[in-house]
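Which chain is which? They are A, B and C, in the order written, and residues in each are numbered from 1.
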Amino acid sequence: MRSLLLAAALAVAGAIPAFAEPPQRIVVAGNGLTEIVYALGAGDRVAAVDTTSLYPKRAQDLPKVGYLRALAAEGILSLKPDLLLVTDDAGPPAVLAQMAGAGLRVVKAREGHSAEILAERVRMVGSILERGDAAGELEKGLAADFAALAQSLAASPTRPRIVFVLSAGGGTPLAAGADTSAEAMFKLAGAVNAIDGYKGYKPLSAEALAGSGAAVIVTVTHSLQALGGEAAMRALPQFAGAKNMRIVSFDGDYLLGFGPRTAHAARDLAAALRPNETIAKLPERPWVAAP
Amino acid sequence: MIRATDIVVRRAGRNLVDGVSLVLGEGEFLGLLGPNGAGKSTLLRVLAGEFPPEGGKVEIDGADLKAWPRADLARRRAVLPQHAAVAFDIDGRAIVELGRLPHEGRSTRAQDAQAVADALDACDAAPLASRGYAALSGGEQQRIQLARALAQIGGTPKPLLLLDEPTSSLDLSHQHAVLSLAKRVAAQGGAVLAVLHDLFSASLHCRRVAVLERGRLVAQGTPEEALTPDLVRRVFGVDSRWIDLPGGQRALATYPMAA
Amino acid sequence: MTMRPAVVAGAWLLAACLAALSLGPSRIPPMDVAAALLQGLGLDFRVDERTLAIVASLRLPRMLMAALVGGMLALAGATLQGLFRNPLADPGVLGITGGATLGAVTAIFFGASAMGGAVLPLAGFAGALAAAIAVDRLARVDGRIPVASLLLSGIALEALSRALTGVLIYASDDRQLRDITLWLLGSYAGASWDRLLLIAPFALLSACALPFFARGLDALMLGEREAGHLGIPVETLKRLAVGVAALGVGAVVSVAGPVGFVGLVVPHLVRLTHGPGHRRLIPLAAAYGAALSVAADTLARILVAPAELPVGLVTAAIGAPFFAFLIRREKRRLAA
């Protein structure tokens, strides 16, 4: 019963902002959302972020409310926020219910990895924060950038097969399958995920990697550092059959964040995958340059 | 008081106890004798009601043991098992006090304390009461356990005491003290059955003895009736001779068989 | 039992509870906490809505949950240690924790995190009950449950649950993996009045079974046969004690995750300080288990505020060194 009520409350909150004042103290959980809030010029209203919100750098100086999926009710309430903005997968659900029960406005953004959902999130955040103009500008810019990227990729003859590898804290490398933000980025960058047949991340096996026919291994800087650099990574048994594959690395939240910088990240990925071609640079945007 | 009729205990196709019938009356102290593996402890466990025998029945005061309410039985008879390992670090007095468990709600605190004190005194165990059980020697542990059994039947009219090798770890003076104590319990209207190995002390202290051999009862009666030189030679594989002790008592001395 | 140890234990528990209610990431003056509690009872003290919500809807149910879970785990630990006549037994040895974990992890794997509500606890509880029934069947020999066979069955089942949990962990995506890891560390973050109602009956049931258990477990210190000679229905005792422990542990683990340390060490500590008699041990273990759990959760809530630590990390961090200290002291006493 209580969860039903909560769902109803959330639906109402998400659809019709029923509050007179725009929120002044926001707690954001989910790196893409944090980036959007900052891109819309509302960074000074952010009171705290979760541990996945690493960009912009300024956000890292704020109090941390913990991991996206392990939020703490009283911790967040103690910051006296007037809005908790989270992605759909934030949790635990019981804690979100507690905070809503304590009178905190909780707004959930739809989870997903596509240009459409990104645009939808930008609109939603813009409307809640009453930053409609900035949101419109961001949405338009993103649409133009995605379109420009698609155009240059249409002209490219190559569709590189790639494998995305992640290692949490130097542990066993995991490879991205279907339904991951990595795979969504591959699509935007005109590339093909050479690993299919499962969803999410699974431990990488030497045989699967060798048999994938991938030309490039994409990873994030954090994982590469945790494994001890490119040479150390190649020395792992899982990479035995990957002698001829190139390794390309990107900043994790840039590549996988699905925020305002995603069009540029996709373009940079597309270019890195095609060293012999020229992929047109996207115009400089204020939300990409932000420190 | 306790009557066992045609008791049979079968394990792995073998009869550990094979048609044994025994009667133990008020005021009696019976020694259950026999070589290793004769079935003495098994018979004692059946008499204690630990498990039902494959054949025969046990009665106390004419009522089938199975029909006795657990708690009534626990107030009436106490059992001293052969080896008693105690869990956790617990002192001697606490163990003896556990003997009063069946009397909870029926006896006063003072009665319980009296029973515990009497039992400790009777077993010469009072000085051991405040020491940790684990730190006691084997014989000291045995005296504490015996005190626990005595505490359990303290104040009970016509108590029944079943002792499985009560003297196995005791020094000589305590061996005689414990058997004299058993005699005293019997003399005060109780009944005591003790599994014993030492024919000398059994013949000296028990009013009656029963001899088991491979699960069968082969002799029963007063020590002088039952423990004939022939029987002792056949069952125990030793030669024996009754000797006179000061005070007019007689006891059976054993020695290796002549070749 | 004499009153003094009970009063001391009660005082510790009360202190832990008062601290849990007055301390937290939000600074709320003690007077306001008291006012909010009274207002929660229906008196009007003009406490603002947020303070009321934090004290009456967050801190209070969470404190009660921490107390119930900690008390229940320590109680089950004391009971099982007595039953197995082994100070190293804990609720894990019956396979119940493993079963609850498997149930909860299965639920997480199939998306229970998103469903919220009671799905996760119910799945955990179902897992715990299934494990308890399986252990009972496995351990039964000729209608009796020998303790050694019970212990081995529990260990086998715990291993099996762990293996199956491992399979699920392997098959999980990274997000489920984080959820599972967090769940395995234990947390009272999901405390609510609903969930409290879910576990309260089991705590009550255990409390009612206490006098019976204490007597029987005391006798069991002498051994199973000896307990039988003292008139204790040993088989019934085993079945009931295991059943109550299974229900209680299953219920609390399913709402809080396997909060470590409390069930193993609290009974042990109480035995070291107050002796092994169960009449004293069981209630004191319950009180100290509750107090430790409540205190640990208070620390978990404030140490890294506005974020939180999993309470299992804190119970281990407080308890383990304390335990080591007590064992050292005890060793010296034994040597002397």
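Here, a residue touches a chain if its C-beta (ideal position, glycine included) is under 8 Å from a C-beta of that chain, and two chains touch if they have at least 3 such contacts.
Since this is a predicted model, take the numbers as computed values, not measurements.
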item	value
Identity of the chain that, by mean CA position, is farthest from chain B	A
Chain closest to the assembly centre - both centres taken as Cα means	C
Geometric centre distance via CA averages, chain C-chain A, whole Å	38
Distance between chain centroids, defined by C-alpha means - chain A, chain B (Å)	80
Approximate Å spacing (C-alpha centroids) for the pair chain B, chain C	44
Interface residues, chain A side, partner chain C - complex	2-3, 48, 51, 63-67, 69-70, 72-80, 89, 91-95, 97-98, 101-103, 166, 168, 174, 180, 199-201, 203
Complex interface listing, chain C residues touching chain A	24-27, 49-50, 53-54, 57-59, 113-117, 170, 172-176, 178-179, 182, 187, 189-192, 194-195, 301, 304-308, 310
Chain B - residues contacting chain C, complex	45, 48-50, 70-71, 73-75, 77-79, 81, 84-90, 94-95, 98-99, 101-102, 104, 148, 152
Of chain C, residues touching chain B in the complex	82, 85-87, 215, 218-223, 225-226, 228-233, 271, 275-277
